[in-house]
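A short write-up of the structure that comes next.
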Amino acid sequence: MEKLSFASDYMEGAHPAILKKLVETNMERSAGYGYDKFSESARNKIREACAAPDADVYFLVGGTQTNAVMIDALLRPYQGVIAAKSGHISVHEAGAIEFGGHKVLETEHRDGKISADDIGRILLEYRQDENHEHMVMPGMVYISQPTEYGTLYSLTELKEISRVCRDNHIPLYLDGARLAYALACPENDVTLKDLASLCNAFYIGGTKCGALFGEAVVIPEHDYIPHLFTIIKQHGALLAKGRIAGIQFDTMFTDRLYDNIGKTAIEAADKIRKALADKGYRLAFHSPTNQIFLSLEEHQAKELSEKLELGFWENMDDGHTIMRLATSWATMPEDVDRLIEYL
Amino acid sequence: MEKLSFASDYMEGAHPAILKKLVETNMERSAGYGYDKFSESARNKIREACAAPDADVYFLVGGTQTNAVMIDALLRPYQGVIAAKSGHISVHEAGAIEFGGHKVLETEHRDGKISADDIGRILLEYRQDENHEHMVMPGMVYISQPTEYGTLYSLTELKEISRVCRDNHIPLYLDGARLAYALACPENDVTLKDLASLCNAFYIGGTKCGALFGEAVVIPEHDYIPHLFTIIKQHGALLAKGRIAGIQFDTMFTDRLYDNIGKTAIEAADKIRKALADKGYRLAFHSPTNQIFLSLEEHQAKELSEKLELGFWENMDDGHTIMRLATSWATMPEDVDRLIEYL
Amino acid sequence: MEKLSFASDYMEGAHPAILKKLVETNMERSAGYGYDKFSESARNKIREACAAPDADVYFLVGGTQTNAVMIDALLRPYQGVIAAKSGHISVHEAGAIEFGGHKVLETEHRDGKISADDIGRILLEYRQDENHEHMVMPGMVYISQPTEYGTLYSLTELKEISRVCRDNHIPLYLDGARLAYALACPENDVTLKDLASLCNAFYIGGTKCGALFGEAVVIPEHDYIPHLFTIIKQHGALLAKGRIAGIQFDTMFTDRLYDNIGKTAIEAADKIRKALADKGYRLAFHSPTNQIFLSLEEHQAKELSEKLELGFWENMDDGHTIMRLATSWATMPEDVDRLIEYL
Amino acid sequence: MEKLSFASDYMEGAHPAILKKLVETNMERSAGYGYDKFSESARNKIREACAAPDADVYFLVGGTQTNAVMIDALLRPYQGVIAAKSGHISVHEAGAIEFGGHKVLETEHRDGKISADDIGRILLEYRQDENHEHMVMPGMVYISQPTEYGTLYSLTELKEISRVCRDNHIPLYLDGARLAYALACPENDVTLKDLASLCNAFYIGGTKCGALFGEAVVIPEHDYIPHLFTIIKQHGALLAKGRIAGIQFDTMFTDRLYDNIGKTAIEAADKIRKALADKGYRLAFHSPTNQIFLSLEEHQAKELSEKLELGFWENMDDGHTIMRLATSWATMPEDVDRLIEYL
């Protein structure tokens, strides 16, 4: 019997409804580079979901690419981006931001989150430093929802972050690689409409939320970034058959599929979390989304790994190992039951 | 009735066999980033097709991206790439090569082609220039097969180019965005095996040859470019679900699908070329592949555009307009017949 | 006896008046980075000479550095710079512009000059190209006065170039590495005031006009480039002891020293040009400034090189060799006489 | 009476011996770009002082520039540089390293220093991280001597750092902006010869040690960095009149001038340190070189600033202010006496 796998949320292909639509539309002819009717339809549905009728929407291929393009597009060349030390751009993008010439101004975080106070302090210290002309100017803020630790910003927190950015005239950009899993989370109080009103740009993740690939960039204010099409091309991020991304997002934003994808994963994760609590497992931190971080004794980690495919996260100084369980749109109820039974 | 369209070779989705395979394998779980069995199988089939058992094979998403990554990976930071003035990297990549810090050393071409003599002369002039330490060092050669004009390098020409590169210790890189259409061409005498023995790196195009997206980079000598995986990531070009590209190339290199894709297009193009000749149309230059470049009087161009979707190419100084007809794997015999009838 | 040398205009140290001032002020203490009284005085004198009271003035070290900083500062990251194929940035800066991520859009020239028509045509072609979103956007114009061929733009030509730039909302930048030799030239009709009214930025060359080093960037409109100080630092171009550049320019703009430096060189060059004409020497093109380009038969070139240090320029296809004679602020009248005698 | 100034070590012009030599040699003609006899002589003297007869030696203009050029030259494009969080490249170079595409891998420090253990741990963690292919590869180590806190690496510490670098096949680069003040320090046990045997590259600072400007890069192994000349040019860092730097270093390495410059500063600093100790002032940390960091109560800082020009360093959380006193080659014994008297 195949090992139960909760190692990651992008191990299967795509949600079947997406594949179905790709097959149905396959022989229709369309213009390239996003100038097709599928992409246009997807853009409109996303504008509606975000209550941002003027939004510019672009479809890119992957998360690192999207971050690199957007951060380069939002910053002036001599500026850097404020981000959590644990941010994807800080650690796991192989220097893609620096490749574009920008420093990541890494800041301390609490379970993956930074606060309006952190940002305000960095901006103030920069301005007050008498040598600040010799330093990298903080030019924008990068956050992720959910964070790399599976945690969530509350609406109040996001509003505060947004305010400090606006007061300081720097854009706020949000990485939504796993956004479906935030939106579907019972304790989440931040909607797409909130994001559109609070961020200058954000992306709705496809790759980790049921698409073959693809991330939908939303820029609520039209033409906020002039010539973004060319910037995307310059970064090698322009999809020739833009329709392939368009069809996927058009499908995900039809009949609440994106919501349902999130819901499936969160219900499974919640069920597992409850079982883990019942059995006395210790969680490394409170992450209410589709990722569960277990703090395990060495022997526990070993035993569990024999039965389950888990993601390794970190070795702690106290001898514990943090392992990650991830659910997704593709998680089967029977696998969840088998897991709980095993626990 | 829909207008006949010969505007481009990437207006449909993917070859149905590819979609079929994506659907069949959709729920299988696999590792990300190309470490899946589909990608491994595809790599092996490509190695075999190229008679390059040690080759490193990577799957990237699009052509501009592949060129930007590979040129940056093959050059030292202070070097530039020799290319035809008409080369895709010279004109239509929005400065993606310069974004990586490299100058495109543009050289005159004949119908899209450059020669070993051109390259030799550039290298010699560089070395003999007493100021060459103040200049961009030519560090590699970029060619495309077929070229942007649909023309082909012969095996003899390629061997000469390869020799001048090896003699000067600089790599030869070949852009095969439309390689299927070169390989299937009756007058072509350059095989995949030849490319693997003559180039230091090249790519087998998927996007314009029947895939949803994807380009297969082949580097015949193992580890010729250390840490290419990280370089790909740094450029935002790493596909999380690498399997999606792997499955496509695995399918294209099964049962000679890639060959057949090319053949369908070339047979249609040859039939059209013959009809055009019969009717007295003038071709802008001899392009034996899937792209046909018509040199039209203004009124002809206008008339034809009413009935057909064509690609605009260039206004000539003599008042003629060059229009492009492109066939593809998806070109229907009945459309070809209708076109010929119309002509 | 030492060989007569006319090989270059930067073979000596600095004009003695500059050294004298450096010695006199040596032990005065001052702030770094250009915040010293010497630099402030130099800025004011330059503002006055340019009739540009609001101008921002920065002192950089060398020409390639100044071009790289200013072009990067004037362009958006996805834009390129229009320049003559023969421009210093196109040929002799080792790819410094591309290092900043920008393509040099090289255009044909006439004796080193490009015209308003050339620029207008490039901009129009870009806009009219239906694929222009996939191409590098021309974002500014680079010219040099005198050009790399020692030729001069007339005031009429400059006005036309300036108009086409303003009409198209792109900045005009002028490289004045040898500006003293243009300003002092009898047939020149372009003053510093004209440059300040026609260019968005230009630099007054020090290195090749009598300074130890240094180029004075003039940006007539205050704060036209926000945060240029930081951009200069980011490019590694900020001088810690900014006073050293400030003192030099302060001296050059006192008692018309900069004018006199140019005059000395031009008078010598004119005298040599007249002698060359009398003796029947052929000039490669009409260059009225401090550089004289001789078109020589092979045997002539050889003979001359035995007696004189000349700069090699180019081998022509017709077998002629172009050699360069350069005069400078340091050219001695007796050396000119010896040269003429020799001819 | 002028305020006593101990604010910085680069407030005057240059050591008079340097200016004298510039004046004496001013009218001699020489080749540009470092191909002059003065630079050659300086290179030889530095080779001798370093006991590195094969060393490549280059003269650059400033510290940020030198760091940016050398780090870009030593790293592969996908690599980052390990440095102290307090390192000049981490904080005060306006992102010059990131401008070249590289991440600064910032690490905790103790009074400006990092250890072989720190480096070993970073390299090990990188190798052991199963996602390390998605991360920036540590490709070299940057340290400064003295550090930005005025502290010194001991020979033992440097040997350990060098060993860990060699064991891991990554270069060690040392920033010697204030190297004269380290070399002259009684408790220093690291010589130029040690640096040449332990580092792959380092620079001997001129700007802050008595020159008008200039830093001498020493690369003990000949041709360790091929084409460095072109890399320097590409970075806009090539001095046209290379002789100006050459003459300065030739002078500084004649008759032990560089040693004496250091000695003057250190003797003054030691005298001040002793007086401070006698008066009960608190030092922020032990810095035995030419920079003294005072930890002051607010009122003390205010009083002192009225009489003295000091450099502001940092506000501490405990309400103390750290102020910097710096001595230099130009510090007058009578100013030291006045300062001590005042204390």
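For clarity, chains are labelled A, B, C and D in written order, and residue numbers in each chain start from 1.
Operating definition for what follows: contacts are C-beta pairs under 8 Å (C-beta built on N, C-alpha and C of every residue); 3 or more make two chains touch, one makes a residue touch a chain.
Small disclaimer: the values here were computed from a predicted structure and weren't measured.
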Maximum centroid distance from subunit B, chain identifier (CA atoms): D
B-C or C-D, whichever has more C-beta pairs in contact: C-D
Between subunit C and subunit B, distance of the C-alpha-averaged centres to the nearest whole Å: 42
Distance from the mean Cα position of subunit C to that of subunit A, given in whole angstrom: 50
Interchain centroid distance [CA atoms averaged], subunit C/subunit D, Å: 33
Sequence positions of subunit C contacting 2 or more other chains: 77-78, 93-95, 99, 101, 133-135, 230, 233-234, 238
Partner subunit A, residues of subunit C touching it in the complex: 72, 76-78, 101, 133-135, 137, 227, 229-231, 233-234, 238
Residue numbers on subunit A that touch subunit B, as the complex places them: 5, 8, 10-14, 16, 19, 22-23, 25-32, 61-69, 93-96, 99, 207-208, 212-213, 230, 233-241, 243-244, 330
Residue ranges of subunit D in contact with subunit A within the complex: 77-78, 80, 91-95, 98-99, 101-104, 106, 130-131, 133-136, 312
